[in-house]
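Alright, structures below, take your time with them.
Shared chain: subunit A. Partners: subunit B in the first complex, subunit C in the second.
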Partner chain A sequence: MTEPLLEVKNLTKIYGQKKNLLRSGNQVLAVNNVSFTVNKGETFGIVGESGSGKTTIGRMIMQLVNHTNGDILYKGQKYSEFTKESAERFKSKVQIIFQDSGSAFNPRKTIGSQIAYPLLKKIKDRKAVLDEVIKFIEMVGLSKEMAYRYPHELSGGQRQRAGIARALILKPELLVLDEPVSALDVSVKSQIINLLENLQKKYNLTYIFIAHNLDLVAYFCDRIAVMYHGEIKEVGSTKQIYQFPHNPITKKLLSSILTLDGRYKVSN
Partner chain B sequence: MYTNIRWRKFGKYLVKDKMASIGIAIIMVTIITAIFAPLLAPYNPNEASDTATRLAMPFTSGHILGTDSQGRDILSRLIYGSRTSILSATIPVIISGVISIILGIVAGFSKKIGGFIMRIMDVLFAFPSVLLAVVIAAILGPGLFNVCLAMVIVRIPYMTRVVYTDTVQEMQKEYIEAASAFGRTKFEIMFKELLPNVLPSLIVYATTLMGVTVVTIAGLSFIGLGIQPPTADWGLMASNGKNVLVQGDPYVTLFPGLAILILAVAFSMLGDWLRDLLDPTKK
Partner chain C sequence: MRRMNNGSTNILEIENLTTTLRIPGGKVSVVEGISFNVKAGEKLVIVGESGSGKSMTINSILQMVPDSLIDSYKGIIKIDGENILEMSKRKFKDIRGKKISLVAQNAMTSLDPSYKIGKQVMEIYRHNHKKASKEEAKKETLILLDKMGIKNPEHVFHSYPHELSGGLRQRVVIAMALTGNPKLIIADEPTSALDPTLQLQILDLLNEINQKFGTSILMITHDFGVVSYFADRVIVMYAGEILEMGTVDEVINYPLHPYTKGLLKCIPDLSWLDKEDKIEKRKLSSISGEVPNLAKKLTGCRFAPRVSDIPEDYHESSPKMHKITDTHWVRCTCYQYYLKDSIAGLEGVK
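Let's turn to the complex of A and B:
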């Protein structure tokens, strides 16, 4: 493996406000002292039950939420030390795909215009942008008429594809996948996963895959972090986690995978 | 893709929605009447034609809708009255709507500024709106312009509250987060992402307020703060007619009252139609 693309060191997030004269303190420790590294080209899975802080980590990596303590380093540069320029560059290099494609698009704007606006900031030529949007829409397996549709006119799977097109249009290096398929039904799920795999090869992408169950992660990820109550309980390669789980939480998660009769163990 | 395709379907929507067509037709007729009032009115609205024709019944002696207690032709006064009525119905509501949408979106977007804005609104809320309008109009002095200004101030807290509530609700949705992840600035999120989503309910509310505003301004005119007599105004006419109402001459009040009612209903039809037009899920 090459040098780490993203390093997370002692990351902590506390939601809520400190106690003061007017407010009773109501602080929640969402993420507690979390550290991991993500290497270039790999798929790093973060698994945990709902409320374990995995989505918060994704949001912090995206800079949608500020972290309370610790550091996140992108290519060795601390988030807190970003200049205006490097922050701008960073924003186009790290993108996110949301869980609920239904609410991730503005209901009153066409899909195409929503895919286009990150690019319109960089390129003023509208024709060129339109061509690029069509190219990406077709690449994720949608027909180009979809660009003129509104989000509610697309199915969940189509919307998620459009979400992928929107995330890819700025040619990112790192993609945060926040439970990208958990809202989809099974057949669509595997289509989207296949699409994500193909795109990873094509564009040499690095994925951070956030999920709440282990079965999909086992198939998709190179390394896995298991989270529980804001802490990382176990980090390791997929094989390690599956074959020699140390932490009881990992074992619990593994035992919750539904298989046909228990004989079909996931092999790597 | 960049232009709003829905506006191209404008005509199609209008034909399909009969209620909206009626509403828009009524508003258009009122506007045309207001513009061409001198050509349409059979008499001078402010001049009593003849002392003998006071309180004439409708369809008598050349006065189609009769005359009021001062012998003025009601039809002519209705035609001239459409001028102040349509102005006082639309302009204050539109101005306070524009101010409210900015205040409401900013308040919903930023918690810090939002707390400040909404507390000011709460102070304005504490006064009954008519009382507040009376106070403002009394301070500014009588006249159509001052009354409209008073209405603007009085309506802002209500409309801001509508926008604010909607904005707070929309802020919870993921597309706002997505927009900021994909490089939208705060300004763009407020006025390109949130605005199209909070505008429809404000439009519906604003159009119902238009009808109410005509009546409120009539009330202010009645206590001498609004439009000054003898200027023809529907609200003023309805109020003046109440003196002779009990004497058995309901027409003096009836016709301007009907005119206000019809205009108010037309505005609310327009509002419903605009809301549907702006909603891409409605076909």
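Let's turn to the complex of A and C:
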């Protein structure tokens, strides 16, 4: 259970470029010397205010942006030492679900064809691909007619389900969930969270859950990292963080949770 | 000038409001037969999911539905005793800003990116105070920005919107809404685009405005946490109708309508974190299905298709608002199903 799947060591990201003749050299330190480990099968939460660098970490894990310094290790192998084959394998094992499902799909292609796309590279038999797509669409709770619809014909919740189907079709091990429910309605939000929980059990998935609403994080995550201005201020199990927060930032974030009985009471 | 807060007068009275829009191939009533009041000095919050008609309600109050879309308003919207639906546009212009004003969800849509903050707030100020000179307007604007808890009003005055953080921008928008010293502020999800820490600050600011100036606030949100922290009374809307209405205590602690109950159960339970031993956390429940499409003809209890555990005959064929207490109202009798084991009928609730 405690076998590390992903290790992040002294990770740093600086946006912007060095000063030269043409550039003024505006640099932003988005992520500063961050280290953490994500174990197999767990849900690791990254919380922080906007601009704290949590999304940047998710993108670096996905290799959507390159890191400036430090290392990310997937199953003990450094990203920088990936061969062509291992990079290919890695890409099918790590997937992402975006916050805004509206912009995560190509508006000109049907949902089904976009879910099928990653699979078409692996399987040549189109009938088999179609069967697989239908299977996954039904698994995330959509009807199979949805495969022939365009993204704009689906509601936000349905699109997010389709996003989950697309991410799962290559049978990944690690899913980066970048605020997957913050754009959704209350009742749909819990539908998606429950779906993600069930899928985690079924496929033994590991989640990295990036969010800013702490009540959901408390419910969903096993361990939590609290970020502030590009640095991780505190890492611990959910209970540790919520019961005995040490860092003032953590306390501030916790005390801003609004529950049904007013503000969340932070113990000192 | 400070108004006296005498608690009993209604700033806003809505009676049987139905807003009908024109859509390709027909008409659709996005708000149907809603009635409620906002008392002076009161904080009323409307909760609902997207598509529940909460935004259309305030758009109707502010007459902001585009003319090309609107088919008709039916009913009465009284602001400070005057029915605005029978008023000329010109006259309503004087009410908007001075008696009611709006704080929009996204501060960037209320601010023009190409003008400095000071100029924009001053413009609104001088619209609401026609006789004010430029110097006076500037002075008042700075005072107002300072009142909004902005630490360096002079600096903000000379900044462009994009140079400010989201929280500061929202404070500026609230300042703009207050320039006319309105009796009612309508806030359309003022905090849902903000971080939790900022959300708390903005709610505290609105609370302070409510207490200091006695301004009534009508807020829209989808977050019950905000409701319990901020509101005096709450209205639960669904598919263009009010399903439940009551004080915060009544609706959160004694919800009657299955939809309200469902919404409340969707909030993650944090109490397991305080327990020492390892107890199982309550599973997050959800409401199956989705908000209905209003373009289709809806009959009966609009929430009925989404509840499976209540037999059909518990729903009314044409649901009415039922009075439970003086403040607590609920639509449709389906809530009685859950009460059937306790004291029969309505008496059990009181």
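Note that the second predicted complex is superposed on the first by the 260 of 268 C-alpha atoms of A that agree within 3 Å, B and C clash if a C-alpha of one lies under 4 Å from a C-alpha of the other, contacts with A are read in each partner's own complex, and residues count from 1 in each chain.
Here is the rule we use: a contact is a pair of C-beta atoms (placed from the backbone, for glycine too) under 8 Å apart; a residue touches a chain by one contact, two chains touch by 3 or more.
Given the structure is predicted, the values throughout are model-derived calculations rather than measurements.
S.K.: Given the alignment on subunit A, is it a clash or a fit between subunit B and subunit C?
M.R.: fit
S.K.: After the superposition on A, what does A:N194 contact: first (subunit B), second (subunit C), both or neither?
M.R.: Once the two structures are laid over each other on A, A:N194 reaches subunit C alone.
S.K.: Given the touch rule stated above, what does A:L253 touch, subunit B (first), subunit C (second), both, or neither?
M.R.: So A:L253 only meets subunit C here.
S.K.: With subunit A at the apex, figure out the C-alpha centre angle toward subunit B and subunit C and round it to a multiple of 10 degrees.
M.R.: If I round to tens, I get 80 degrees.
S.K.: Which partner does A:S80 reach: the first (subunit B), the second (subunit C), both, or neither?
M.R.: neither
S.K.: Counting only touches as set out at the top, which of subunit B and subunit C does A:I96 meet: first, second, both, neither?
M.R.: In the superposition, A:I96 contacts subunit B only.
S.K.: Considering only touches as defined above, state whether A:K121 meets subunit B (first), subunit C (second), both or neither.
M.R.: Touch status of A:K121: first partner only.
S.K.: So, A:N69: does it touch subunit B (first), subunit C (second), both, or neither?
M.R.: Touch status of A:N69: no partner.
S.K.: Quick one: minimum Cα-Cα distance, subunit B versus subunit C, in the superposed arrangement, integer Å.
M.R.: Shortest inter-chain C-alpha distance (subunit B to subunit C): 11 Å.
S.K.: Once the two structures are fitted together, what part of subunit A is touched by subunit B and by subunit C alike?
M.R.: None.
S.K.: Over in the complex, which subunit A residues touch subunit C? Could you list them?
M.R.: 49-50, 155-157, 185-191, 193-194, 212-216, 218-220, 238-239, 242-243, 252-253, 256-264
S.K.: Quick one: in the complex, what on subunit B touches subunit A?
M.R.: Interface residues on subunit B, with respect to subunit A: 1-2, 5, 173-175, 177-184, 193, 196-197, 278-281.
S.K.: Subunit B touches which residues of subunit A in the complex?
M.R.: It comes out as residues 59, 62, 64, 91-92, 95-96, 98-100, 103-110, 112-113, 116-118, 121, 126, 130, 133, 147-148, 150, 152, 166-167.
S.K.: Which residues of subunit C touch subunit A in the complex?
M.R.: These residues of subunit C touch subunit A: 49-50, 166, 195-200, 222-226, 228-229, 252, 262-264, 266-270, 273-274, 281, 283-288, 290-291.
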